[in-house]
Amino acid sequence: MDLSLFANPVFLVQNLVDGLSRGALYGVYAMGFTLIFGVLDILNLAHAATFMWCAFAGYLVMAVGGLPLPAGLAAAMLAGALIALLLELLAFRPLRREGADKLSSMISSIGASLILVSLAEAAFGAQTRRFPNSVLDPKPFYIGGFSGVRISRAQILILAASVVLMVGLGLFIRRTKMGKAIRAVAASQKAARLLGIDVNGVIVVTFLVAGALAGAAGILVALLTNNIVPGMGNQIELRGLAVVILGGMGNIEGAVVGGFVLGLVETFTIAYAPGGSDIKDAIAFLILFIILLVKPNGIMGRGKADRA
Amino acid sequence: MKKSYASWIVAALIVAVDAFLCVKNPQDLDRLLINAILALSAFATLHARLLSLASAGFAAIGAYASAILAIKLGLPIWLSIPAAVLACGIVALIIGLPVLKLNDVYLAICTLGFGEIVRVSIILLPSLTGGSTGANLSTGFAYEAMKQTRTWELALALLALCYLFWATSRSKTGRALRAIRENPDAAATMGINVVVYKNGAFLASALIAGLAGAFYAHSVGSLDAGDFKFSRAVDILSYAVLGGSGAWFGPILGAGLLTALPILLRDGLRFLKDFSQLPNIVNGLALMLAIIFMPGGLAALFARRSSRASEARGEASTPGDGIEDAEEERVSGPMLAVEGLSRSFGGVAALCDVSFAIERGQVIGLIGPNGAGKTTLINTVSGIFPPSSGKIKWEGREIQGRAAHRIASGGIARSYQNIQLFGEMSVLENIVVGHHSRIHTSLAGSWLRLRSEKREERAARAEAMALIERLGLGDLADQEASKLSYGDQRRVEIARALALRPRLLLLDEPAAGMNEIETAALGDFILELKERGYTILVVEHHMDLIMKICDEIVVLNFGSKIAQGAPEEVSRNEAVLEAYLGRE
Amino acid sequence: MAKLLEVEGLQVRYGGIEAVRGLSFSAEEGRIETIIGANGAGKSSALLAISGIVRKAGGSIRFRGEDITHMRADRIVRLGLVQVPEGRAILSPLTVAENLELGAWTRSDAAGVRAELERVYGLFPRLSERRAQLAGSLSGGEQQMLAIGRALMASPKLLLLDEPSMGLAPMLVSLIFSTIAGIAASGTSVLLVEQNARAALKIADRGLVLSHGAASIEGTSEELLANPAVVEAFLGKV
Amino acid sequence: MKRILFATAIAIATVCSIQAAPLPATIKIGSAESLTGDNASYGVSIRKGIELGIEEVNASKLLGSSLLSLAIYDDKADKQEGISVFNKLINDDKVSAIIGPTLSSTGFAAIPVAQKAGVPVIGTSLTAVGITAMGDYVFRDCLPQAVFVPAALAPVKAKFAPKKAAMLFESTNEYSKSEADVFKAALAKAGIELVASESYSKGDSDFRTQLSKLAAKKPDIYVFCSLIGEAIPVLQQAREIGVTQPIVGGNGFNNPNVIKNGKEAAEGLVVGAAWSLASAVPKSKSFVEAFKKKNGSDPDQFAAQGYSAVLIVAQALKDGGSADRAALRDALAKVHNVDTPLGLFSFDANRDPVCPPIALTIKDGRYQLFQ
């Protein structure tokens, strides 16, 4: 083991920055995923495909259309909302009736995911797409001189955007009337209907929000990695599942915390553990495995009654 | 009948298409057979209500273990494959106990995590596994050592598995698993050790997945870690879900359909040269449509097979009505004594320091307004959950906190307020579940189709049938329990409890939903049971009934006992009247 | 007086179970009607069917002259037919204030909602004290108050109450019932479903005894209270 | 037995210089490539190269009046699908030879099917050790890593005289790993000390942590063994954290997109390659032009290798004068100095390619030969 690394404060802070920005991505992705689970109790395995399409949407608007970053972000979030809406109408709503179990929804979303990924392959080809530097200057900032801590514009954007989205989603869910209705539907669809809430309408809104979050995550990942391909959802899909479990299924704050935990764990495993980059995938799931055995409802899990 | 006709056409179509493809391209048969075995592996867990995604991970272990043994130690496949399967079994036993405590999605993700750990381990052990592309496995050593199966060995394995699944589904184990799938709590109160069966199902799933993996290794001839990635786990689950988790042949059909479909699309859509994604798109669409229009899977299309009630009726040669006289008691003192029993849920006290005793042969009524704690009391006595404090003494021994299946096999049977039948099982099957702890033939015995099993099963069916006739349900024996009317379902619940041959019967609102005539008949029946030595605790709102049958009545209100005494006393008791009709 | 709610031959079936078998009754404006009956008599199923939560197997329902038999649940609430279901169905993960706010989901007049909220807090001062608390942490009685208060937020024309006394201590039962009487006095019609027959009949104008999914005895409260058959339906013949 | 008879017949035919049974009107060439999924970028490139090759061969009348036709399937980078597709090509399409599959892992599963059936296979991207050891029907036109990868190292050493090197590779990919091994050996041979080595997993997108760790060791040169998917982010992130030292890239960096997307981050990168846009081979220049005309984009090395495979097969068909599988195999084994974009091409005794590697550098936004 390389002990000198531990004594290097710049390296430590650097890893904190990298780990937090990595974790922020996981968090944003997982928020949308866990929102749908919290409200409907279903695993939407097409969330990763939605995420990928949004990255392309942002790419088209910014790299091909030449529009500035805010337009790209908006386009990605809009695309995510639209795709999620289609998923709800075509893949989930037909199954939300008596007799169809939760697994059916999952299988349906797998089918939808296959279609979305294949369509993307057909539309965009297999070549990796990348943003031109005009979209976001790749040169990083240095804190404390050239040998100090480095932080790129993409990382700043991601940290800022994730904070905005997390706070925004929190406010939306906690403070707005619609947010409260979403929580009501999550708590009990029957009670919500008795209050005069159009449950299907609220579910549509939930999907729109979750899709927009997938969109934000998609465009942010695309900006950070500059690597847009139809298969880009595969990796984050598994991580997203792990994050959502870490935070407790359906728990939005938990997803954020889980995202940061996973991001930091991965980064620090690579940075400090011998052969860290080889084992980081296993470490993430090993930690998850152990946490679940000790706390079967996740770090912040509180059981179904208190969720969303 | 029409339903089963259509379903046979679907099944025949799937088989025909698969047969056609395999005749055209014999190596596709290997793929089909391996997928079918993997589907069975997923079925084994799903059928026991376990949402496990571990099959791909176990297949990986099986594949690599057998490949390594074959290549590095030069073992022939008839040694390497069983050894690999054994390795999977050991891993399953180790991780099963802790992991199976998790519910639904958590179990799914945890088992997914297991698969990832296996996959990463493969990559991290290049000297053993050849690393991520496994190149060393197939080239560093004799290639021929890997590639040594023939398709007929695979087919034989699948056939054997089909036989085992078929034999198991007809055995007491199959019945217990179906019961757990339908309703694990009710299964436990029928004396079924749910934990053991769930672990058994997980173990079986692991062994089968290991077998499939081992065959995969030898059929394909090379391995890499990508063979068992997340999407593979999802594919396997899709076979089983699309096929249906209700019957073992469902997943095989599911695997047949989902294996054939991409091949058909590949060949059928060839003219679209520049749109190579189209087959995948159509495949995804087909998966969605199939699950939307057949939410129960392919197996659900098939009519339930008869539970052979008519046969059982003919076999009821032994005279009697299926109700055994309760056994004589050896211990003196009260049969059941509840002492200072309390139970709270999240700070709310549902039961508060309740004490009473039941003497042998008594019928005790337990009444009180909604929310008085009556069902909570029955749940604690029958072991659904432990009391917060207090003692439950059963024939002198403390049983509080004991597992439900142990209490059930100890002689306490119950019915449920909100009916907890095994809804998709027939009436006869529901009742035969009650014989669980009295059928002694082991699973191996069932596989060997021992004569003793046949005898036991026949006796159980005959006895159950007699019980059904006695309760006036004779015509309904073959009906699916959930299709029965409310009152009939209540009767089935009572019959199922009686099938345990309990010494104490806990009846939770047995007459709810029955009309006056049915209620009166039920009263007579309870009295008859009393005659024959049964001890009964009955919760009821039908006061006619309670007044008629009870020796003594215990009244609960807000979790506390407010009165106890003979029916006349209680019905004049001011506190009771107030609790029921409200304060004047 | 005008018929507010007319139920004709209502049937509800769950699988093979017939929970309501041809129930007919009507409720008139400005009154408290009560449906009493033992557990499993089909009271809750009938109410849920009226509110559009469970599917009707037969029959028709009219509310203020409008056919609502096949109307969606949220539309029915908009018409002013609001239910406090059995078990209260409060939203435990939300605060008391949020629960009340969602009660006014169908209304868009902010001023009216605010006034309504003050009225509910006036009616149940306990709720006012605990407005920031999670609804799940309330006691049973408080939860019942919350459920009723929440239903009032929609300013219903007809309030359906399913077993408001269930699981409550006698003192609270009388408090809840006097509140219900007050609600009716202030102009909201009430359909009260109860097991606690005496308390229900004491505040109701008319009553109906439901057994096995159909109406068995009907009459004014006084008639029913005097009818030995009613007592019998609950405590049986001695 | 049958094969020997055939081969003998061909041999006799050739010896006698008699035009044997002429080539059939259409000769079917099969191909199995990964056209969908994560590896589609390779498969699609190869397919374009093959299609161009077949068009050109048919237009050139190299085979007289005989025309080549292509039967291509998606192997989905799946072993079982690869086996299935190979069987289909062999039994249903009755192809004379198969080009592909895209991935070595699929190749290990599928190629034995062709070997057993006696159908020649030419791998265009199967660089794993042991591919051609599967049998005498297995050929490939892609140079092994051990040949072309170190080609970049010698000129770098001559120009910069580095003492310490740091390396990054993908631990979940055998190609990247073995490339790393080849580099390690080459570095040791060149007397350059490897002071740090880090890895990442497939699909990773943030390499800053690994790169910072490498930079902490202050190496004189960096060696990156990334596939094309990760190559550009690795390069950009390396520049981002302040790497100014020379970077030697693996085969993944030999891709026009490295320049297109990497922009200034790619400047100065050094790559050893089997083929490149900058190649001075005349056939290569005409290939690049034709490819651009047909597809509207620059070809990459995979397209060049797919294209070359067609030319080699066509030459063997012409030399052997037969579309029979066994005869074609024998003719393939004998091809000598075929004019391809890869240079003058022959197979060695192990049916591995013999052609010259090149060293490239990126200068002024273009690949140029490194001198």
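Should a chain be cited, it is by its letter among A, B, C and D, assigned in written order, with residues numbered from 1 in that chain.
What we mean here is this: a residue touches a chain if its C-beta (ideal position, glycine included) is under 8 Å from a C-beta of that chain, and two chains touch if they have at least 3 such contacts.
This one's a predicted model, so the numbers in the text were calculated from it and none came from an experiment.
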item	value
Starting at chain C, fewest touch steps before arriving at chain D	2
Centroid spacing, where centroids are CA-atom means, of chain B and chain D in whole angstrom	54
Chain centre separation in whole Å, for chain C relative to chain A (CA means)	43
Centroid distance [mean C-alpha coordinates] between chain B and chain A, Å	36
Per-residue multi-chain contacts in chain D, two or more chains	36, 171
Contacts with 2+ other chains: residues of chain B	123, 277, 280
Of all residues in chain A, the ones touching two or more other chains	118, 121, 234, 278, 281
All touching chain pairs, where touch follows the definition stated at the start	A-B, A-C, A-D, B-C, B-D
In the complex with chain B, residue positions of chain A that touch it	37, 43, 45, 90-91, 94-95, 99-104, 106-108, 110-115, 117-119, 121-122, 234, 237-238, 241-242, 245, 249, 278-279, 281-282, 285-286, 288-289, 292-293, 296-298
Chain A - residues contacting chain C, complex	177, 180-181, 183-184, 186-188, 190-199, 305-308
Complex contact set, residues of chain D against chain A	36-41, 43-44, 171, 198-206, 208-210, 212-213, 216, 228-230, 232-233, 236, 239-242, 257, 260-261, 263, 265
Interface residues, chain C side, partner chain A - complex	51-53, 72-74, 76-78, 82-83, 85, 89-94, 98, 101-103, 105-106, 134, 136, 150, 154
In the complex with chain A, residue positions of chain B that touch it	46, 51, 98-99, 101-106, 108-110, 112-114, 116-117, 120-121, 123-124, 230-231, 234, 237-238, 241-242, 275, 277-278, 280-281, 283-288, 291-292, 295-296
